[in-house]
Each structure stands twice: as C-alpha cells, then as structure tokens.
Amino acid sequence: MSAFDLPARAADSDLSEAVADARASVFGTAPLVQCLTNTVVTTITANVLLAAGAAPAMVDNAHEAAEFARVAAAVLINLGTPDDQRAEAMRAAAASATTAGTRWVLDPVAVGGLSFRTALARDLLDQRPTLIRGNASEVIALAGMGEGGRGVDTTVDPEAAEPAARALSSRTGGVVAVSGPTDVIVAGDRTLRLGGGSEMLTRTTGAGCALGALCAAYLGATADPLAGTLAAHLHVALAAEEAEIRTAGPGSFVVAWVDAISATGPDELAAGLLDRLA
Amino acid sequence: MSAFDLPARAADSDLSEAVADARASVFGTAPLVQCLTNTVVTTITANVLLAAGAAPAMVDNAHEAAEFARVAAAVLINLGTPDDQRAEAMRAAAASATTAGTRWVLDPVAVGGLSFRTALARDLLDQRPTLIRGNASEVIALAGMGEGGRGVDTTVDPEAAEPAARALSSRTGGVVAVSGPTDVIVAGDRTLRLGGGSEMLTRTTGAGCALGALCAAYLGATADPLAGTLAAHLHVALAAEEAEIRTAGPGSFVVAWVDAISATGPDELAAGLLDRLA
Amino acid sequence: MSAFDLPARAADSDLSEAVADARASVFGTAPLVQCLTNTVVTTITANVLLAAGAAPAMVDNAHEAAEFARVAAAVLINLGTPDDQRAEAMRAAAASATTAGTRWVLDPVAVGGLSFRTALARDLLDQRPTLIRGNASEVIALAGMGEGGRGVDTTVDPEAAEPAARALSSRTGGVVAVSGPTDVIVAGDRTLRLGGGSEMLTRTTGAGCALGALCAAYLGATADPLAGTLAAHLHVALAAEEAEIRTAGPGSFVVAWVDAISATGPDELAAGLLDRLA
C-alpha cells in the first residue's frame, strides 16, 4: 500500500492537474518555510521562495529552531555549512518538526566525503524527513551504498542512485528526489522521472539548494508529498528553460530565473509536465 | 521640547532642502557603517550601502564589535539570525556605540514571535538606539503592546503601530520608523508619513533590512536623526519606483533597484519628497 | 634564484602564452577551491568561481576544514568575518594545506585596524601562504609596517605597499598581490604591474574577495604561482572592462561582470595582457 495519494496509474490529465493545483496552493497559502541552510545560498533561497509566493524565515539558531518548527508550514534542513550551533539547531528543528507533524526536507549536501556532516545526516535521517533531495552521489552515500562525490559536484548519473533512493524511501516512508539532467523521484514503490531544465542551473550557486527549499514550500501547501515534490522540480525546470533563452551568461541567468520562478503559474505547470515526464 | 532639529512646522521647501542635504552628506562623507546583520541579507545590505556612497563594514564578531563601534560613523544591529556569538557581539556593539556617542539603528526582525530574540531586543532597547526601524508587528511587540507577526512578514497596518512607536520614542529619546505601504516615522511628539515606493520591495529579500542599514548611513552623515531617517526612506522609495518601471520580476527588480539607489541624488530627493509626504 | 618559473625577462609573447595557458587549465581541470571566507561575499565568490569554470566548496567549519584542505586543489582563507569557529577552521585549514602541499591564498581583510584578526593573520602567515592578496593598507599592516586603513576601504596607493609586499614575499617564499587601480604583484625579487579593470569593482561588494578566490583557482590549476596570480588579476580586469560598457549602475554591473567572467577565455587573456602591463 502506498502512503501517497498521487494515482499510481493516473491518466496524464490527472498528473497535470495535480501539479497545477500544487502551484496554485503555494500562491494561495504563502507557506511559511523555515530554512536552516548554508551561508552561501541564503539569499537566492529566500528570493526563490518569495518569487514563488512562499514566505521564507531563516530561523537557524539553536535557541529558536525547535520553537519555530512547530509553527512553520514546512522546514528545510540543508547541510552545506554545518557549524556547531547550526548543527545543534538542525537536530532540534528536525525533532520538533517530526513531533509536531511539520513536513521537512533534508538536503544532504556533500554527505559521504566528509565524516562530520555524514554522521549528522544519518542522525537526521532517524527523524524521517518527508523528502530527501540531493544529487546522486549524496543519495548513494546517505544510504550507505558508496562514498559520495567531491563537494556539491555531481558526476554520478541519477539512475545509478535509484536503488539507494528506494532504500531511503523505504526507511523514512517519505519521498527521495535525485537531481540531475533527468530527476529521479522515488516514493515507496513508485518512481517518476522528469527531464527538462537547463544546464545553466549547475553554473550558478544555490540552484539545487533553492530547489530543496521550494520543495519544502510545496510540501507545506500540498496534500500529497509526491505531487508537491514533482511540482517543485517542474517549476524550477520550466523557469530555467525560460531564463536560459533570455540570458548571456550565468550572472544574467540567475536574475532571469528568479523572474521566471515568479511568472510560472499553474497553467504553465499543467502544460509543461507531459513533455518532460520520462 | 523636541530633541530634533527638523522644524516642527517647516515650510515644504525646508523639508525638501533637509533631505537633499542629507543625501549630499552621504555622498560627500562616505560614512563607515558597521553592520551586525543577518546572514540572508549581508550582500544586498553591503551593495545598497555602496550604491548610496557609504562604506559598509560587517564587523560582527564578539572580539571586534565593540572596538569597531567606537570608530564607525554609525552601527546597524539587525536581529534576523542571532546566533550566540553574534548576539554577544550585538550587546557589545550597542553598549560601545552608546558610550562613544556613535549613532545606531535597531532592526528588531521577527521580535515578538520568538522569545530568545525578543529578550535580546529588549536588552538592546536599554542602550537607547538612535533609530528603531521595523514593520508594524515588530514595533508593537518591541513596545510590549502585542505578540508580533510571523517572521519578517507584516500583516499589520503601520498606523496601528503609531502608539507603540510613540511609546518607544519616548523611552529611547530617538526616532522610530514603521515600514509599510505608508511609512510612519515618529520622533518625540512628531509624526511624519511617507508614501510611494513599490510593492516589489516585499518580493525580494532584504529590502527592509537594507533600508535599516541605509538609515544608519544617513544617521552617520546628517545632524538631525529625523531628517536622516526621512531621507533614507525616501531614497529607497524613489529608487524602487524607478526600478519597478524597468523590471520583469523580482530578480531584475533588485538589480535595477541597486542601480537606482546609486543614481538617486539630492535633486531627486528634493523633487520627490512633497508628493509622497502624507 | 627565483622560485618562480615565469621567465624573468620573458618576451611579451611568452607572458601572453602563460596567462592563456593558465586560463585554459582552469577551464580544463575545474579546480576544487575550498573557501573559508566572509559571510558577505560567499555568493558572489561561488558564482565567480563557477563562471570561470572552477568548483567552489565552502567547507569552513572546524570539524571538516583540515580534512577537506588535503583534497582540495587550492584553499582560500579570507578574514572578513572571523568568528571563533571560523577562525579555528582557518588555522586548521592553513596547517593542513601547508602539510599536504595544497596551495592557499590569504586575504587579510581589514587587518591592521582590528587586533583580533591582525593576530590571526600573523599566525596564518607562519603557515606561509602561496599568495597574499589584499589592498595596500592591509599588506602594509600585515608586514608590520603600518596601521592599516578603515575596514575594507583602501585609500593607500599600491605602490606604497611594494616594500611591504617584498618583505612578505621574502618571508613566505610566495607571491604577494596588492590590488588597486594598478595592481602590484611581487614574487621574490620580481614585480609585475597590471592596469586596466574598472572603478565599478569598488562599488559592489566582494569583487576583491572573489578575486582572491579566483587566484586560488588559478593556483590550483597552474604550475607557476606568479603566472597564475597574474592571469587571475587580468581575468577579473578584462571582465570588468567588458561589463562596465554594458551596465547602468552597480547592480547591473555585477550581473554583467559574472557573465563576462564566464565569457573571457584564453584568447582574450592572451590578447589583453600587453596593453595592461605597466
């Protein structure tokens, strides 16, 4: 039995409707997303959330993180720069979110290659994140099936991470999304594959991290975690395609991408899904 | 008796001259603004200060904050992400600024909803900030007249915060500015109201926080705190109006806004004030 | 005897070939650059590195910094916001880099005016950075020949820092680069001077800090540290000149500058060097 509502053999029109509804819910409810993220991507993360219509709140200190996780619509925990106080806040926020029933996303940046954050990620895993979002090497390392890559770089094909994603989903009961040229999204015994997007997303800092935050926004505004995760990935991909057309390099790309995040609504998601589902 | 030099019943031309002079002073003196601010907005804060002609210095660790507050032209203390060391640095900087006679701004981000930072803000209040700048719910919460909003979000009309602003101004002897569609600026028994600006300022992260920093720059370059505060708010509003015309979304807005901050000089402030004074 | 391979009396064509080769090596090897930098410039630093074709990794906590410095291609240590844990991580990373033979860059931001970071910088100096990059007042202060300026501001002519740069180079055996309208780059008994660039680089935050990171990328991809340092400075200058043409203010400048960093390749460096060598 799947814990996810998205129809297992839905007609194409049902999936398109699900992602459009998810986008409309983000617009309509402005979910408050608590972000405990790394120091490099705070600004782009907040700006992507605001552009999508969500409300970012970077409450990431150990005194306040647990308190806020009870009232937030969703929580993002991103391991990019885990100093001691932020790590303590992450543990507290994850535990508090789980207790309160607040959905939360774990982004295991660079897990595998570095022992401190790998141990932290495994502890957080015990709190059963609603979604794990990472690149292939990070997901493989988090599942204990390999050593991980170098930093945030990804050189491993997302397909190679599907067994690891499945093992993690089985363990958490949640969704696992592996980012790459084709994203692989696993929930229980289901797998969705999503193409599209732009290679430019890898040439500016924080696009993947902001995607993790946007997933949290969708999880906070949508009944079905799988539909929300799919919609967030599609949202980022469509905006990136639109932005790539209008840009001269990675500097102007990120500006146009934030504009396009704002301009991409339910209709665009509904129209754009089917061509990109693999 | 008012402690502020701005004529209580100034002719319109006097007010216009005051804001133009303040702008010219920022250009001419390049005030060194020490910022102890949150990790989300450091870059936009520094860029707005540089665009205006001020000199940002993010000296926010506990070892150096007090030392630097003695030599800075003004200090900004923004409570957005108060980890332990930054909170300690804030206490030290506020005390040092007050002792040295350095003007300083308190931006009580998300005070009210979170107990740790609310206690910190109340301690800082005892050091009598030259200016408190926040949204309505933050100002109400800081004055102990309500519980505050959710994060940096503001859903309360600035007019509703005027009694709280007046109470705080009475307590500190300084200025209190409540940001919103119409800004309410209170100093002693005086109140100024400033319209204009752009709703786009709420759709990118850090616009309000950067305004707080720009207020510090003006306080560091201008004799009268009320004139300086008014000029900083007008500067941000005019630049936002100019930027909004030329942008396609929140990504391009912030780029154009920084350009416009740089391009907006004394003449624009003098010409723009009267239409926006409510 | 010079420890640097760049021909002491090279024909112009040899120098041009050296900087072009260095640029091609950054493209070809995508050096992994560990950055321990300040909280204001993390995003622009990562984006400049990505635009150039390098791979940034902001591993700056005390648990992981030494471990990562052994595998990184190069390390940047920038003293802009040295809180306690970051300072501890910097000491560990510098020691680890020196032991492992990983090249590293010291950017002594605001050293001289503040005692805590000045002491930290002097300790780091004992680890013999491959490159020291700063403005004139910082280099003079680091060498113990003066008191330094106010914050990151530079009001001292780079030429005035040449004796200090020479003393530091003699002490470390490495390169010392003094940034200004004309950059002064010293290695042992050699001095190179490079003009060009744009005054706009001083009107946006983090341009100098990002230059330090780009130097690290070149050091991680190039045999000769002096050639790599020269190429990084030229790369930033050419991109700034290109960006300045297309921009309306400091906001659009930084966007165009990142675009131009990406677009500036070996041919542009080879063609642009001679006109800018002083």
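Letters A, B and C name the chains as they come in the text, with residue numbers starting at 1 for each one.
In this section, a residue touches a chain if its C-beta (ideal position, glycine included) is under 8 Å from a C-beta of that chain, and two chains touch if they have at least 3 such contacts.
Remember, it's a predicted structure, so these values are computed and weren't measured experimentally.
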Cα-superposition angle relating the copies subunit C and subunit A, to nearest 5°: 120
Shared interface numbering between subunit B and subunit A [over half = same, under half = different]: different
For subunit A paired with subunit B, centre-to-centre distance based on mean C-alpha positions, whole Å: 34
Junction residues of subunit C - those touching two or more other chains: 39, 43, 254-255
Sites on subunit C touched by subunit B in the complex: 38-41, 43-44, 80-84, 110, 113-117, 150-153, 203-206, 247-252, 254-255
Touching residues on subunit A, where the partner in the complex is subunit B: 32, 39, 42-43, 46-47, 50-51, 55-64, 67-68, 71, 85-86, 254-263
